[in-house]
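Next come two complexes built around chain A: one with chain B, the other with chain C.
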Partner chain A sequence: MKLPAAMALLLALISAAAQAADFDAAQTRRILGHGPWPPAESADRSNRLSGNRDAVRLGAMLFGEPRLSGNGAISCQTCHRPDHGWSEAKARSEGLRLQDRNAPGLLNVRLQRWFGWDGANDSLWAAGIRPILKDSEMGGSAAATAKLLREDAPLACLAQRVAPDYATGDDEAVLVLAAKALAAFQETINSPRTPFDEFRDALAANDRAGMARYPEAAQRGLALFTGRGQCGMCHTGANFSNGEFHDTGLVFFLNDPDRKPGTPRRADPGRHGGIAQLKANRFNLLGRYNDDASGQASIPARHVEQQHRNWGEFKVPSLRNLTATAPYMHNGSKPSLRDVILHYSDLDEDRLHSDGEAILKPLKLAEGEIADLQAFLESLSVPNDTAARYENLRREAAACR
Partner chain B sequence: MIRRTLLAIALLAATAPVRAQQSPADVIPLIDAHVHYSHDAWDYLPTQEAIAILRRSSLRKVLVSSSSDDGTQKLFEAAPDLIVPELRPYRRRGELSSWVRDDSIITHMEARLAKYRYVGIGEFHLYGADADLPVPKRMVALAKQHRLFLHAHSDAAAVQRLFVHDPNAIVLWAHSGFDRPDAVRDMLKRYPNLWADLAFRSDHASSGKVDPEWRKLFEEFPERFMVGTDTFTPERWHYIEEHAKWSRAWLADLPRALAEKIAYRNAEALFARTGYGYKVPPLN
Partner chain C sequence: MRQSAIIAALCLGLISAPAWACADIPAQARQVQAAQFRLIVTPVPAPIPLNKPFALDIRLCDGRMAEFPQLTAVDARMPAHRHGMNYKPALTKIDWGHYRAEGLLLHMPGNWEFSFDFTGAGKRERLTFSFDAQ
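Let's look at the complex of A and B:
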C-alpha cells in the first residue's frame, strides 16, 4: 500500500510541475495580481459611519425595511436578495415599476469606486439614496425616512447611538444618516476565499502540492483568461474589475414592453448618462455631506467628464461569486455564464468602434475552452454566510433599547 | 382686483432673473458630417424616426454613408433637403477589413455611382500599405472620375498614399486620424486638399471649453475642420441630438466666424468642391 501511495504523490508533484509550466512569467505575474484575498480593509473616508458597529446594525435593519418605500412594500433586499448573491434572478428589477437594468450584486461592493452600472454615484452611501428617492424604484422621501428613524424604537435607538443629535437635524440630514448606515452595513458583505485564491497563494509560495489541488479545467481556463482571452485587461486585481466602464458590443436599446407601436425605441445611455447624473446630484462627494475633509475622496467627481465613447458603456463587474448572481450583464440579457462566454467567443466586432475597445476580438473558443473558462469562473465562487450574518445583525439591531 | 393683479405681474417681471432668450438666429447652424444608417439600424429606427432625430437636432445638413448604401438612399429619399449622400464601399456590415482585397467592391461602387449621386466615397477603413492594393487604387480613380472626395478612416500613412495615387484628390480625414494636434497640423500643412472631421473624439473640448492646442490648430486652419457624430451602432442615433448640443457648446467658445466655419461652412465648401452640384441653401 505504501509504494502506490508514494508513487501517487510523486505523480501528483510531477503533474503540478507540468501545470505550473503552463503559465509563463507574464501570466504568473497576472495571476498573482488577482490577489491576495481578502484585501486589506479600509474605511470609506467620505462616510463617518464607515466601520461603526452600531451603524452596521442600523444599516442592516434599514436594508430590509419596506417602510423606506412609498408603498411600504419594497426594501433594498427586494432586489438585492441575500440568498442570490445580493442580486436577483430577474433580468431587470422591479421596484414600483420595471427597471431598465439588472440589480447588481453587492458582495465586495466596498471595493468599488463608482456605483451602479453607469457609475452615477461616487459613494456607496449616495448610491443608497437614489433608489429610496427614485419614483420608479422605492418612491420614498427624506421626510418619510426621517420620520421612521425618529419614531421607530429600535431604529431610533441605533440612530441615537451613532449620531446622538440626529433627531434635531433636518429631514435630508437624517436621510443621509440612513444612507451612510446602509453603506456601513453593505461594506461588511464580503465574500470568502475561493479555490482560485488557494491556487494563487500556492503559486506565490511555489507550493506545487497546493497548486495541484486546483482542478485542471480551472487551470486551463485561467490560462485562457490571463492569456489569449485578455479578460484580465478589464477584470483586473483581486476583485476582478478595473472599476471602469466599457462597451463590450452588447445591444443597449431598452427592451421596453410598454412601448407603444410607432414610438421610438430608447437607448440606455450608460456611463454617459451616469456622469450627467453624478454631476447634477447634490449628494455627490463635491457636496456638503461628504465627511472627507482632505478632499481626496471627491477627486474623481471633480475631474470626470463625459466623452463620446461613454454612450452605451457599462461598468466592468467583479467576477467573484458570479454563480450566485445570474442573469448577467447590465440588462440581464445573458441567462448563464456560458452565454456570457459565448458573447465574447462570437463577439460582433461591427458593434465596436474600430478605434474603441481595441483589445476586444472574437475569441472563437472551442467547446472544451468554453468549458475550461467556465470552470475557472466557477472557481471564483464559494458558498458564503453573508445572509446568515445579515440576519444576526438584524436580530442584534432589533434588540436595541 | 385687476389693478392688483397687474401690479403683481409687473412686480414679478421686475424681480424675475433676466434670462437671455436664445433666438433661432443664435443657434449656430450645424452640419453633422459623420452619420451611418446601416442595415442593422433600419428595424430599430425606421426612416421617419431617423429623420425626426436629425430634425430635432436642428441640423442643417447630414453627411450620410451606410452599410449598405441602401440606408443612405432611404434617408435621402425621405429628406433630400437634409441628407447629403456619400457612397460607402461596404455592402453590409462586416466588410470593414475585407473590402480592400475584394474585387467585387469595385463592381458594386461602379454600379452605385452610375445610379445615384454622391459628394464622396467613404467612410472607408484603410491603413498603411493597404492603400496601395488594387481595390483602393481603383476607388481613388473612381473618385477622380466622378469628382468626389474620399472620406478616409485611416492612419496618416494611408492618407499619404491616397495623395500619391491622385495628388489632386480631396480627402476628408475621418476622426482627424485620431492623431494628436501636432500630427494633424503636419498633415494639413502638407496637403492643401485635406479636410478633417472631429467625429468620436472628445479631446478637443471639455465642458464647453476648447483645448488650447486644438484652438491653435483651428485658428491656423480655420477652413479645414468639421464635426460629426459617428453612428456606428443603431443605438448611437440616439446620441446625435446630444452630440449636436455638445458641439454647439464648445463652438460657442470660439469666435463666431471661426465657429461657423467648423459648424457648417467648411462642410458646405467641401460639398461644393465635388461634382455633386451642391447648392448652398439660404440660412434660416
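Let's look at the complex of A and C:
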C-alpha cells in the first residue's frame, strides 16, 4: 500500500472513532433498544373486535358521542382532543365535576399494559367503560348506552355488522360491545416515525451521514438521557415507557379549590389505589368479558400484588408526541417540558420515600444540558394525521345503512 | 406392587433424579450448585425478555429425589435499586424436583438477583443467581 493511501485510511479510522465515541457500547445498545418504530402490530387478544374495520368505525363514532354522558354534553373527545395529541390543555380534566388527574394523550395507547395513571384497568376496552360510568366524569349508564346503540340508526347499523345479535344481549353486554369498539378505534391512533427514529436506524446501520442529520443538541440530549440522566431506566423501549409505576417525587397533595376549611387535604394514592380498583372491577380480564381463552392477556392482573411502596406511584408515560400534550405529569402540574426537566434537575430527595427508588437523584443540570434534553424530547414528536383520519372514519360510519 | 416398590425406594432415598431432566440442559438455563443437588433454571421464553411476563422451569438434579428439599418461594430483586418485582409469581410443583414459576416480570434494565427458597430436613436454604436484564 502506498503511504498516502495508508495515511488517508488511518485518518478515516481515527475520525470515525472520534464520532463513535459520543456513545459508548452500552449507550449504543440502549439507543437501539428505543426502536424500531413503528413496532409490530398485534391484535388485542382480550378484545374480539380488535382490528375489525366496522368496529373501528363504530368506535370512532362513539368517541365523539356526547349522548354517552348523563347530561348529553360530554364525549371522550371533550377531554381527549384529536388536535391536542388526544389529551387536553387543562391541568386536570373536567367532566361533570373536576377530576383529580390530567387526561393522558392516546397516541400509541395500544402499546400500554395498564391504563390510567394508576393502571386501574388492564385492558384498553375496560379503560373506556370507566369514564362512561363514573358519576363525576360522564355519568352515563349501561342502560342508556345500550338504548343508544339499539335506537340510533348509524350506530345500530354498525353494531349489527360487528355483532349481528347484539340487540338481544343485556345492557351490560352492549356497554362492553361499545367499549370494545371504542378500543378498536383507539388502537388505530398511532404516531409516525420521528427524527429520533431516523437517527436510531442510521446508528443501527452504522450510516454516518444519516446520523449526522440528527441535530447535535438532540444527540447531546440523547447522550444525557441514556447516560448520566438514567432516564431510560423507566422510559424504556420503543415507546419510552416500561408500562410500570414509579414515584418521581411530585407533591402528594391535590390542590383542591373546593376544599372546605378544616377538612384534611386529599392526596392521590396512585398505583396503590389503582391495584385495589383493578381487583374490584367486574370488567377486568379475570372476568367474563375477556375474549382471550389462552389466559395470556390476564397474566398481569393475575400476578400483580399491592405493596406498600405503590403509594404515590404513577405510570411511566410514553415520551412520544409530548409537544402536543402539555401540561405534563399525572396532575398536570408541569406546564412545559422545561418544567419537567427542571423537576428532575432539582428533585426533592427528602420527599422521595427513603425506602423508594434508589436511582432518582437531583441531576443539577447546567443550562445547556436542560436545552439539550429538551431538544432530544422534542425530536420524539412530529405532526400526525390522526385527527383527519378520525373525521374520515366518522363520515364512513355515518353512511352505514 | 411396582408402585409400592418405587415408593419404598423413594422413602429410602435410593432413586436419583431422572437422568433425562438433567442431561439435556438448554443453553439459556442457569445452574447453581447446592450441597445436596444442582439447581437448573430455564426461562420461558428464553432469554428473559425485559418488561414482558415470563415463566421459569425449575429442576433439581444430581441428588437423591427423596432428599430434595421443597421449593417454597421464587423471587427477583434489584439490589442496587432496593426494590423487587411488581408481580408475585405463582409456584406449582409438577413432579419430584420439578417446578414451574409463572408471572414474573423484570420492569427495569440492570442487575436482578433471583432467589429460590428451599425447606427440607428441618433447614432452610436460599440459592441465588444474578441476571443482567437488557
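The rule we apply is simple: the second predicted complex is superposed on the first by the 381 of 401 C-alpha atoms of A that agree within 3 Å, B and C clash if a C-alpha of one lies under 4 Å from a C-alpha of the other, contacts with A are read in each partner's own complex, and residues count from 1 in each chain.
Note that a residue touches a chain if its C-beta (ideal position, glycine included) is under 8 Å from a C-beta of that chain, and two chains touch if they have at least 3 such contacts.
Since the structure is predicted, the reported quantities are computational estimates derived from the model, not experimental observations.
When both complexes are overlaid on chain A, the residue A:Arg309 reaches chain B and chain C alike.
Contact with chain C, but none with chain B, is seen for A:Pro300 once the two complexes are overlaid on the shared chain. Common to the chain B and chain C interfaces on chain A are residues 305, 307, 309, 355.
For chain A in complex with chain C, the touching residues are 29-30, 33, 232-234, 236-237, 242-245, 299-300, 302-305, 307, 309, 355-359. By the touch criterion stated above, chain A contacts chain B in their complex at residues 251-253, 264-269, 272, 305-309, 311-312, 349-351, 353-355. Contact residues on chain B toward chain A in their complex (touch as defined above): 40, 44-45, 49, 52-53, 93-94, 96, 125, 153, 175, 178, 200-202, 206-207, 229-230, 232-239, 242-243, 246. Note for the complex: chain C touches chain A at residues 50-51, 53, 80-83, 86-90, 102-105, 107-110, 134.
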